[in-house]
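All chains are identified by letter, namely A, B, C and D, in their written order; residue positions are counted from 1 within each chain.
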């Protein structure tokens, strides 16, 4: 199948459902059912479910561009989480609920938990579905929330890989917005994008955006139960990039970038949240370091080829 | 180069003010959760500012004849350090105390001094500064807001300011406006005017930021009529005066403590959970060590002020380092906390982390971007 | 933007060459201490290069009719990865294989191809590149070395090149010289000539670097007479050809592995001393994770070459990230080792650390400075 | 006493004795006795020895500018080490030898050990003097060396403080050289110091040079047996700066900077060596972190004021 035949309609769907105004409304605590129903009706929520279980049977690598679109548009609902949850539940023979499912893997806030009807914990093989009993974080316009009392550690690798893909999608959009802003905004009589110091920063932003995408792809290559090393490389790289990208984008935008009515913050707040969720770069570096030291006699290049 | 920046010691009489000041601060912040204290610069509490004024902690550099304390920049260092380190809400008096007061004292007429300074020193006259305009950014010389002198000597003000901190809570704005020529004339023809924000024709629209706070505002002027004595300093000298004013802003310890409330909360968290692994200890030590150096640099800059110098390059250097540190803190602490995903983190600490993470970009905006500061340093280095 | 950079898989037939190649490499490096292997790019071993040539690992992109292997950039990726990862001495054939061979193939006459390429593919013709001149740095268009066409069609060469890698070991230099106009004409009037370094009038002075090695040289030309067919490509098109040549240099995995011999030695050290604290594990993981992403990016750039594209911007982006990583490695590993000052460190590892630390600045010099690469990226981003 | 009356003659002495050519000769293994004798005869080696023991009785804070001059000129002998060693030996009632004394505090190479006649280990209170039995590092032109079998851990704080001062002196000179080079070197028709990207880097270099000097001064303020926190702040800050300064200086200089005949490398190799010696930034961060956590209830500002 030509993936572009799936990507284009999904992109149009998101552009219709998740305008910046609609995103803000959900973040402000508004009703998200219309937005969610749009995703339900699209059928995309079962994209990763095996064909014999009634899904589209896409591989995670195939579906990564779809998930990246969710990041790109700062979709405020756990669409990617639900896609993964539904696939895991179907594989385990559990019927999935109609509502949004967030994946919770640690003691900190779980992304999208505040707007989910259910929380997934447990493991990829034995997923545990619970009705959402979520505590708000109190962070302004946060859709993340605490889901106490659940153990989802074993889902951390797949969740990390999901966050890496979401980060890569948001990163790409932040890069485009920032380059466009640098071209259009004039100061001292010329576009700020002509200043060498700004160009140097935007080059770093671009490097990090590409690095995040490649890292995410490494995560996606081994599927719904990613190899631990792949998940670690993915989330480490994406988290590292997320912080730098957000910082450069805001530095180039100046004051307008931190105003609520400008769209940049919809994306950079997500970059920060996803960076922290399901293990930061430091967490995954520690995990990968352990795996690396298990094969200390091997040259790094061989370790990477085997990963 | 920069040899004059050396270790300095705060005089005992300035150290001595800490206990009483600290008691006053403790009262004001005792009810504030950590994520409110992390706001400090953005925290608005007019009654606390009045109390500080009554107790003599404002207008420290202003002569007693105008209601000030006539004390040294060292005293101000101590006061600012105590306020920011504790996360006290300083927004109400901040600009009047740091910038507007010194500006009026330096450039104002005797009447203006007597009218404004005593109230500033009591925390009763709140100021904002109207510099940026839509599309101007760091390029302040491009302002288009105009004040036209009328036949009776009054001024007719039209235009718009943006990103004006706390305009909606302030009594006055000191605005940089064009009094002759056009924006093509750049620095020529700019003047500073004191605008009473209660005058008719002024509309203030708060700008909500990504944390949900509104500390910026847009201010619109439509045929606002100002008295002849609204002019502060000399007509056409606004640019020069603003440059001097920015120098006031670049001094002091305010460029190192913006994230310290988060650091302290994180240290208490580590203590509570008993985490002591090598990565954690190194981060705790690294943040502490960096802040130690920044504090001494800030004190060294203050000592130059005490010596009567205007250490513009040194202050820019310190500020660039300081804001870089302040911005790195939430990133590093975020990584640390999320590197221990099974360790429960107090919701208040998490809110503090996210607040500082989101607002951190503003640390390098206020008072000159990184590129501008580094340009000043480069000139100071003699780069041709 | 840059969407074409995606994960790629090396074809099985290219993966398949590893074992035999690895055996050849193992033989060459078995006697080399780690700090010699860390030199790799700077390691000169003409006999090893000839062996590689005989075994068919050089001239991979060159058609078989010229003695090449006519294989894909993926094959070259594997060969370069194996060589650099092991720290094999590649300096002898490096430039001829990477740059001069492709240049001669693209721009040379049929006679030049038949004369040079078979020997390059056998590792028997060693090349250097004469670009920089005293005072030129990255500003290559400012070259002053002149070649004047004589009446008999020959060239008279006068001038000086500097920072020429391995000139003292090379058979030929491909020199960028001025064949008409003056340096004020910038890119106009430049041509490339192949200079036989055994000709009279050529003096080569090695430049010793801070590690005690001499891999750079100064080359002086005094009335050196070159045959008419020394010109490669078109007269006056030297600048354009050099730009294309730099693009050859920017591809492949050579921009990520310069410090990997140090990483591997450090990992073996950690294993030997049994250190497993959190700071150590995070550093080991962070270096591994970064290299994993860089390797995939490099492979993605290679895939664009395989597709027949010229991914100049993508390659610049990868190279800037890659050299940044390579330069960070000695700094991070140095901090790690010296953070454990009571742990004995093998003298060979310490020498390797210091060698890489000292030579690391050169990683961002070869083939374009950081500023130049970022300028290319900025243009690629459409910054006006 | 006006310290400038000591600094100026010491500066002249070093400029006479330690020309770049003389430095290179010692590094290449040449005879260093003439250089050393110059320092012996100057009397400066006893600058820190108490007056009652026949020295000048300078405080370490007073002597810091002298030690910084040693760093500034990449003096290849342990003059600062010997000054400290003589003061500690005199206080302990041990007669000092005439030759150069290097201080060794760990398993790694000790600075200047390869050109020392004696090695100091032990502690500030009970200094242990040994004849130098040193193993070369094999690093090109290195004057550092291994001094195995000695335990000088307890001298690490004072040695770290000394390295911080040496770094600050070298850093200052590297800054000056790099700024001068950027002004004098033209490319694309103008001095490279006019490029915004170069100016931004040089600003960071200047910031780090000042930070290193202030950090070193913090170390020096508590004297010959520095408070552990002061030593930690000093060496952490100076080591952090050393790596950045060397990297920027070389990036601005380009190829000429790494040639042996250009003087920059005399200083940057020292910056790297001193950064690693007696504990890197990571070591001292760990030490300070421990001290900080011992007073976890205290705000950081209070901890710093008490330090």
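Quick note on the criterion: contacts are C-beta pairs under 8 Å (C-beta built on N, C-alpha and C of every residue); 3 or more make two chains touch, one makes a residue touch a chain.
Not measured: the values here are computed from a predicted model.
Touching chain A and chain B together: C, D. The chains that touch chain C as well as chain D are A, B.
Per-chain CA centroids place chain A at a distance of 48 Å from chain D. Once the centre of each chain is set as its mean CA position, chain B and chain C turn out to be 51 Å apart.
Here the CA centre of chain B is 38 Å from the CA centre of chain D. Under the contact definition stated at the top, the residues of chain A that touch 2 or more other chains are 195-198, 200, 281-282, 286. Chain C has residues 278-280, 282, 339, 371, 374 in contact with two or more other chains.
In terms of inter-chain touching, the protein chains here all touch one another pairwise. Contacts from chain B toward chain D in the complex involve residues 1-2, 5-7, 81, 85-86, 257, 260, 263-264, 267-268, 270-271, 276, 278, 280-293, 295-297, 300, 314, 317, 320-321, 371, 373-375, 377-378, 380-384. The touching residues of chain C, counted against chain B in their complex, run 277-280, 282, 339. Listing the residues of chain A that touch chain B in their complex gives 105-109, 135, 137-142, 146, 153, 156, 185-188, 192, 195, 197-198, 239, 243, 247, 250-251, 254-255, 257-261, 265, 268-269, 272-273, 275-283, 286. On the side of chain A, the complex with chain D involves touching residues 195-197, 200.
The part of chain B that touches chain A in the complex is made up of residues 35, 132, 135-139, 162-163, 207-212, 216, 279, 327, 331, 334-345, 347, 350-351, 354-355, 357-362, 364-365, 369-371, 374.
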